[in-house]
């Protein structure tokens, strides 16, 4: 656990950052100019600041790659690596090169690479520095979706496997939801919210509230009853069918986007929507001209549903009314 | 209409680009290293190439901002502008500064800005060059979602209003779907597909097929029957309710993501899902361990539905069977 | 053992080389320079044993300052020559037609002062420009290069030039070019110093000096 | 405070140094630009030739330059006027001798200059001249200051070449360095000290101003 | 081909030039680094002082250095050995005189160097020395080549200071430029031409090699 508590000013911009970084991926979220890069630079020791900063070796992938222009890709990758004793290395060069798909460019100079290729080299260089603290500043921003997703999952595996602490700056909500354990929300240089990523994601006043609401429900999986690649999960008094995770787990937390939740007055036996939960309408608020966000009670938890105002009217929903929430089975699953 | 037909080689990488650029936004899509930046640089006249290149003034926003380091933000913005006669200017400095939120930083040097702020200045500099051809290389990649969306819409308005030709590199599928009129898919230096954006998006073999399938259906809107912010649209033999567009239009094309389409053996009178279409099952293919993509016939059009294998089994779907497609009303609408 | 170090005014260098060969090339080294430069060096402790100055005043000054062991002695009297490389030397009266004449800087070298005085006496009407070298050697170089047509140099410098190109100036129209030498004070006198001093004023040396284009005293 | 002759030499020197520096920059900039364009053997040779005069003792160089400028020399054969012993000759010699001080730092700076800035400026409607004024010059300003300072200072102090080529004609080719040399050589140390002090003082002020103005180009 | 004396002078010259260049780089690099750190008045003054010797004619500078190093001078008073008329004195003088050629381009290059590269290298476990070797030196190599070439060539050709300080003692202070001067003064032009040719030829080769090796640092 790494304690951070520091302040810095740059012209009229003042940053104050106070948190404890725990192993796993912590997403640093915030608008452009909120101070994310400043936080990472401070943690990397690049700018001197007042306060407490973890004294740990870091693997820093700066915004915009910043590869050493006079070194080849391989030399860039090995820049930190070379200085780490062999027995202290936990991140294998071969694996990084393969995963990041760098094999073909090793002898090239950075200016002979595309933007996304450079970004991958920067990520590799940071990882190969064999440091327990990873500071990644929008490491996937120049990558195509497929590469982005694959590398994200690999990063998550690496971080978990080696119990690294990773601070990840990202502007991509799905990326954060897929990768982050914790979330720090930075607004105008101050930490306004921080906590468990999925909890914050589901927070009415959290960073994602004004984009698309989502709910997080704990569930108990029953892998032994899996069928057709789906596994049943007991969740808030109902059964949901989820895509079977690659590792056998029994506890999970489900992230359910409000727009993936429809409401029905009756259960639907003959539709492809597999997952229904009995819920009770609590309240709603308007989202825009045509849609409303309905807050549902679902056992001890809150579940959000985004429906049209027309539907709200036609179903004639009332607070306290018992209805069925229809949840598309493709919702996200995350380990306990 | 701008004819492009050129080739270039850089080491082992060979690019050949042949298309006609029409007014509106053309998205340039492709994996990292596919040659997108190379195309833009060539069109901007930065690299000499063999072949035909439009001889037009360009507004080029390079990947990674590249602001002139010795000039202030304002001087950067005005770099091209200053050289354009007042009567030839169509893009107002004040509007750009306001829309991009640059007012507070005008006297700053680029290194005093955050990554996303720099990117916005680069976009402003390109726009203020008052050129009929805009070349934007991932102009929003370092921005937060909200800013990204707002600026995207503004860009679309500017392009439409001034009948500009804009070539936009993006790795973000939603961005492309929201902004692009046409789409060019670049793979390993060659144009493998190009055409109308929504058509390509819905293409089984198109660039988005391996991410998430979607369908495009033409519809006739009936604004006079609007209620609760929704407007009914006659589409493929049924009625769909859509969020009312800000301008009154009667023809539209609807983009419907496969994962937003559920299937039911009977119509659903008592659910919040407003839009149902009578469809006929044609065939399906497996997407992954737990889900399948079902091709439905819907009038003269194809509609994709992504459902779980378990649902496929439980509903006991058969080719030729008549079922009901349930479409969440929040699907995308785009002008005819 | 370190050889005897003889600081020598540049104009005397060719002749000094001959003397050195005669005296024993291994026993001594020559350190050429402009007289003023050598003075500055000697007065700041330069390790020279003998100084062959191009004039009287500098040697005397060193002696007066207590830097010399002996009173200055004349070792050579220079002769000034007019030289027009590549052409027959003109009559002095014809000099009036030359726009530019080369000489050593009168402020720096006695040969320069002598040239100035000769022209003033022989062609008082001359209105041309003086081109000044820092030393007679530089004056010689200016003439050699062909950039300047005529000028005054030491006779010793043009002994090998075609006779027709050279005209010796009468000794009467300038102050005698008396070059004096001193034995310099050193922490430990060089064993060969006195021997060289004696040699410098020996008949053999006088003969060489005369052959070098100087009037031996 | 100074002798009138020294004042004249001072004025001439400033003229020579200023003119040479301007000419050096005008000449050195395109040459350095061309040298920075590539790496060929030809360029290395030119760069070598530019630096070569530096290795000769100034008076020797002056001697060879005199041979070059003599009435029978190649420059006159090429139709140039006879430059030896004239102010123009001094300028030519100074330019030749100080050329490496200008070409060398500028070439290094131009080479380090990212070509993308220029190309970007071209897309933003800058013509060649505007590119130079608005992009290249500001981004390579430290090298220009280096070049100007070295060229100016070296021309002030340079002496051997000037003496040989110039023949120290008062008001025409007798520059300050020659005057100073004469005072020292003729043991007129008081006047030498005085002149040196003036020269050093003036240069101190000029260089100080140049360096104070050399603000860091923020990158 | 060359006279043995000339060979000796040549050897001595190479020794002097090489040693001076090395010392200049060793001395000039930290100085330039410090100068590049900021913009204060103090730094501008130091930079000015470094360039100042350049404005004095070499013999005059040599004269003042001689006064400084003389037995009665301040350096000896400070307890240093008497450096005048020794090889060490020559080295000191050459270093002082060529210092601006090293400090000036290096300061410009260090100023243009983006500090982020260093900081990034530190996060990648490079220590100070590794930062220098692996980041700063490669990225500022053109400036080092500029500095080395100018310092080396200038030391080769420099003559006035060396003659004044050194007194042309064979094997100790008679360098090539002085030997060349001696040949010219003794009207031995043939030997002078020969020596100049050797000097030029050698320098041509050395500089050419330096420039050929000066590969563009790709940015």
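Should a chain be cited, it is by its letter among A, B, C, D and E, assigned in written order, with residues numbered from 1 in that chain.
Here is the rule we go by: a residue touches a chain if its C-beta (ideal position, glycine included) is under 8 Å from a C-beta of that chain, and two chains touch if they have at least 3 such contacts.
None of these values were measured; they are calculated from a predicted model.
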item: Neighbouring chains common to chain A and chain D, by label; value: B, E
item: Chain whose Cα centroid lies at the greatest distance from that of chain B; value: C
item: C-D or A-E - the one linked by more C-beta pairs in contact; value: C-D
item: Intercentroid distance (Cα basis), chain E paired with chain C, Å; value: 34
item: Separation of mean Cα positions, chain C and chain B [Å, integer]; value: 92
item: Interchain centroid distance [CA atoms averaged], chain B/chain D, Å; value: 59
item: Chain E: positions in contact with at least two other chains; value: 59, 63, 181, 184, 217, 219
item: Chain B: positions in contact with at least two other chains; value: none
item: Per-residue overlap in chain C, given as positions that touch at least 2 other chains; value: 37, 40, 141
item: Pairs of chains in contact (touch as defined earlier), listed by label; value: A-B, A-E, B-D, C-D, C-E, D-E
item: Residue ranges of chain D in contact with chain B within the complex; value: 116-117, 119-126, 130, 134-135, 138-139, 217-219
item: Chain B - residues contacting chain D, complex; value: 44-46, 57-60, 62, 66, 68-70, 79-80, 83-84, 109, 111, 125, 129
item: In the complex, chain E residues that touch chain C; value: 59, 63, 66-67, 69-73, 82, 84-85, 163-164, 167-170, 181-182, 184-189
item: In the complex with chain B, residue positions of chain A that touch it; value: 10-11, 30-33, 35-37, 63-64, 108, 112-117, 119-120, 137-138, 141-148, 171-173, 210-211, 227-230, 241, 243-244, 259, 262-266, 268, 270-274, 288-291, 305-315, 326, 328-330
item: Of chain C, residues touching chain D in the complex; value: 34-37, 39-40, 58, 61, 100, 102, 105, 107-108, 129-134, 138, 141-142, 145-148
